[in-house]
Amino acid sequence: MKLTDLTAVELGRKIKKGEATAVEAVEAVLAEIKEKEESLHAYITIEAEKAVEKAKAVQKRIEKGELLHPLAGVPMAVKDNLCTEGIRTTCGSRMLEGFVPGYSAEAVRRLEAAGAVMLGKTNMDEFAMGSTTETSAFGATKNPRNTEYVPGGSSGGSCAAVAAKECFFALGSDTGGSIRQPSAYCGVTGFKPTYGTVSRYGLIAYGSSLEQIGPIGKDVRDCSVILETISGYDEKDSTSIKREDTDFSTVLTKDAKGLRIGIPRNYFSEGLDDEVGEAVLDGARFLKEQGAVLEEFDLGLTEYAIPAYYVIASAEASSNLGRFDGVKYGYRAMEYEGLHNMYKKSRSQGFGKEVKRRILLGSFVLSAGYYEAYYLKALKTKALIKREFDRAFERYDMILSPVAPATAPRLGESLKEPLKMYLSDVYTVSVNLAGLPGLSLPWGQDKKGLPIGVQLIGNAFGEKKLLQAAYALEQGLSICTKSSAEMGLR
Amino acid sequence: MANRISAGEMEYAGILAKLSLTPEEQKEAGKDLEQMLNYIDKLNELNTEDIEPMFHVFPVCNVFRNDEARPYEGGRNKILENAPEKREGRFVVPKTVE
Amino acid sequence: MHKKQCGNGVEMKQYEIVIGLEVHVELATKTKIFCSCSTQFGGEPNTHTCPVCTGMPGTLPALNKKVVEYAVAVGLATNCEITRYSRFDRKNYFYPDNSQNYQISQLYLPICKNGGIEIETAEGKKTVGIHEIHMEEDAGKLVHDEKRNCSYVDYNRSGVPLIEIVSEPDMGSADEVIAYLEKLRLIICYLGASDCKLQEGSMRADINLSVREAGVKKLGTRTEMKNLNSFRAIRRAIEGEKERQIALLEEGKKVIQETRRWDDGKGISYPMRSKEDARDYRYFPEPDLAPLVIEEEWLENIRERQPELRDEKMERYAREYDLPEYDISILTSAKKLADIFEAATALCQKPKKVSNWLMVETMRLLREREMDAEELSFSPGHLAGLIELVDGKTISGTVAKEVFEKIFDEDIEPKTYIEEKGLKTVKDESAIKEAVRRVIEENPQPVADYKGGKTKAMGFLTGQAMKAMKGKADPSAINKILLELLS
């Protein structure tokens, strides 16, 4: 067995026992990168030398007994919209091509303090706006299962890197499904926590009120340990929440007995690919066998989630991305006449098409005369959607659903019709609107051999139950996906 | 109910967003915007009377920092490090007054 | 009311002006509103900055609690309602002094509203309404380089906390505007919420002005005037804008609603307009900050900590110290003055004497040094000590004035100082006698005058002897000896 076949927690344990070193782990991952990166392009920036240096330092501290964390010495990758001190952070945009932050995202800082070793920064849709990682200014990432397909997005680089063993785990961000959907497409486990669980400080903002940083890992245990490490109140993020129950790794018991699971009937109607629907229901059946109580129900208002999401996210983005103006950092046009021309040229040249599209939409819906009709209307819709979930969670511990209507599309297919691409977020965006935790777990594959994901949605702050159910579900994975696990990357 | 975005409105959105688009780009972006707005108009099917807009998903309030000074350890160099143009510790921009 | 006369004496329409003010006040917090950078004035460009106040990607605001407390304190002191559920909003506009290209401010739910303060002018008393007070962040500073045709940005001021106090359009003259500003300034200084220095920009007023024909109810179109750095500039700008608007109306033209910039050097204003200024700020609630809930308990707490304001102080001084109304109005005209008065009086128990020192010598020195009373920095104990020394006849009044100047400038300890400098009143009668004898010798004419019955000459001779003693003698002792020797 290769070192890179281990999960993050298994590797951490081996390093602590002295059966492997942090440096060996980094080198093993670098070997995978060397072999696969050219065809995959999961990373925008790889800091091989820095990672080796870091691994050496971490190894010493582990040997001295200073670093006891389960992830000490484990190589990780970080989505390129998370600031990393001294390492360029591009957000997948030409706008930030050479930007080197003087500070790190709080989530990254906490992982580094725990002894995780960062290898580099992963590719993503520009400013996290996209569902395929094709809007990146640095070229698309390919799906490790089949390089003719997209890895999903916007955290496509992180998910592809984990799936291809180019790292042991990765951080992603999820504004409308950007962790869960690419996790499903790549066949890895991704977790979007309850809004406010992880500090957003250092996450380059897209839709501030919707997004969370979350783990992407090889299994549920890895995700729970990573989440545990990055969770918690941070004075630098006023929307981060003080919560005591972040010892997520303590609840992995394989026990699904008595868990009440709701299955939204309407999620399985029109628009869902048959194979995906079958696989998801198969997952549900497995949980039932483990003692969970399943019930179908109608989750209302689902068709309003996407329009509400695009209004809110674009409005916030139009403001959040105002700071990219060619003054303090980032791209400045070569030629311009005067200040406002400099702004316009720098932004028009620095941003890609999809980003401009959303900034224009956002500026429009906030402009005089439209604020109420669009922005407030969307926020009222959000309140109604939250209410629908609240009602569901009166009866269920969690909701089980597909992650995306289909498996990964072919490269180039989605960009032609933006609205169609937006519609593929149908099962994920309402979770962001309601601030809920959501998890994507691989469950089988379609005839093309592309992974299928099951989504578990928890009530606010219901991470523990969600992880417990996911862990139970994961026990069935070996039965259902033997073939895909063996497949790996050729 | 179809939304029509005039060239004037696109130009205005461009001024707000500080984006300059070529006429073709503007036309295309205008079409995309119309399409999105038509789709967003779906929200009008919902009766939202008496519903408070939800600005924050959880009722957290009064999150404060104490008034204690803590200088940024990176210092001025780190602040100016990424500036496209700087001089004597300041950012340089095209002249802002005529 | 303003009457306009034509050259030939035919009376034209009468106009009145309607003025509302937007006053920005920098709060006296140690740190900025959303980050832990110092608010200290000055400093090399961009040295009081961090990733947050320079708008770096991924950074987030964290609200300084003290800002809210100061804003509420000012609201309470200006009779406002405190908004129990308040929020911050983003105001989006592109300008290089605005590091994020949005300013965090409050539009929809400002922290205070519906207040007002009473002002007094020659015309009498009136109340100026306060529409609202909201919190916001200040912008950075731009410096222009003509030679290189560029501007420089310094973000040291970016994120300094401000409150904006928006008045109702209740003022009708420059006098009322100045009375309102003086009153606001005093209230805020008393609260310690700001030092309110117009010149240094810690208090800035924008003037909204419109004119209408006398008797007309409907308000005219208003303009907003910015860049007013002194009371003088405010007065001139009001006069100038009034004339400009009346002239437009007289010519049958319309006043355009716009923002204008006052150039005090030239005494005229210019429109601040650009086709790139959309003036559509796309306000929306700041998603990065939690809302504010001002609970009763917190409000009560702020109320209890509220210092005594001027009106209350004036009443108390009349009651406790039995001082003339005139003294009281001067002593309370600045917080610092009142503080020194109270502290010094507590030490020496001589309110009228303390008051005299403050009203006469202190005021004179402030004028000479071109200082503001809030800049006073001497210890009240040193003034109290000085009063004791005079009362105990350790030093003469003349010496005391000299010593006070030292206290004023350098805050010296008077007792030590007079010991060191040998300024004590000379008690040795023979020394005084010697000096008096010499004065008599050197001034035969005044001596003859005195002897001839001109008693006024006595004052001159006493003065000369005092001078000879370098002020270190008790005038009554000199007088006594003079009488002795001349009789």
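We call the chains A, B and C, going by the order they appear; numbering starts again at 1 in every chain.
Criterion: contacts are C-beta pairs under 8 Å (C-beta built on N, C-alpha and C of every residue); 3 or more make two chains touch, one makes a residue touch a chain.
This structure is a prediction, so every number in the text was calculated from the model and none was measured.
Visitor: Please identify the chain with the largest separation between its CA centroid and the CA centroid of subunit A.
Guide: C
Visitor: So which chain ends up closest to the centre of the protein, judged by Cα positions averaged per chain?
Guide: So the chain nearest the centre of the shown protein is B.
Visitor: How many Å are there between the centre of subunit A and the centre of subunit C, using C-alpha atoms for each centre?
Guide: Averaging C-alpha atoms per chain gives centres 55 Å apart.
Visitor: What whole-Å value do you get for the distance between subunit B and subunit C if each is reduced to the mean of its CA atoms?
Guide: Result: the chain centres lie 39 Å from each other.
Visitor: For subunit A and subunit B, let me know how many angstrom lie between their CA-based centres, rounded off.
Guide: Subunit A and subunit B have C-alpha centres separated by 23 Å.
Visitor: Where in subunit C do residues touch two or more of the other chains?
Guide: 51, 54, 62-63, 92, 94, 96, 153, 276, 280, 282, 287, 289-290, in rising order.
Visitor: At least two other chains touched by the same residue of subunit B: list those residues.
Guide: In subunit B, 12, 16, 18, 55-56, 60, 63, 65, 74, 79, 91, 93-96 touch at least two other chains.
Visitor: Indicate the residues of subunit A shared as contacts by at least two other chains.
Guide: 99, 102-103, 209, 235, 238-239, 318, 322, 325, 327-329, 339-340, 343, 363, 367
Visitor: Under the definition above, what is the set of subunit A residues touching subunit B in their complex?
Guide: Subunit A reaches subunit B through residues 98-100, 102-103, 195-196, 209, 235, 238-239, 241, 301, 303-304, 306-308, 310-311, 318, 322, 325-332, 336, 338-345, 347-348, 351, 356-357, 359-365, 367, 374, 376-384, 386, 418-419, 433-435, 460.
Visitor: Which bits of subunit C are touching subunit A when the two form their complex?
Guide: 51, 54-63, 90, 92, 94, 96, 99-102, 153, 274, 276, 280, 282-284, 287-290
Visitor: Give every residue of subunit B touching subunit A within the complex, in rising order.
Guide: Listed in rising order, the residues are 9-10, 12-14, 16-21, 29, 32-33, 35-37, 39-46, 48, 51-58, 60, 63, 65, 74, 78-79, 81-85, 91, 93-96.
Visitor: Which of the residues in subunit A end up touching subunit C in this complex?
Guide: Within the complex, subunit A contacts subunit C at residues 81-83, 89, 91, 96, 99, 101-103, 105, 200-205, 208-209, 235-239, 315-316, 318-319, 322-325, 327-329, 339-340, 343, 363, 366-368, 371, 375.
Visitor: Which of the residues in subunit B come into contact with subunit C in the complex?
Guide: Those in contact with subunit C are residues 12, 15-16, 18, 55-56, 60-72, 74-76, 79-80, 87-97.
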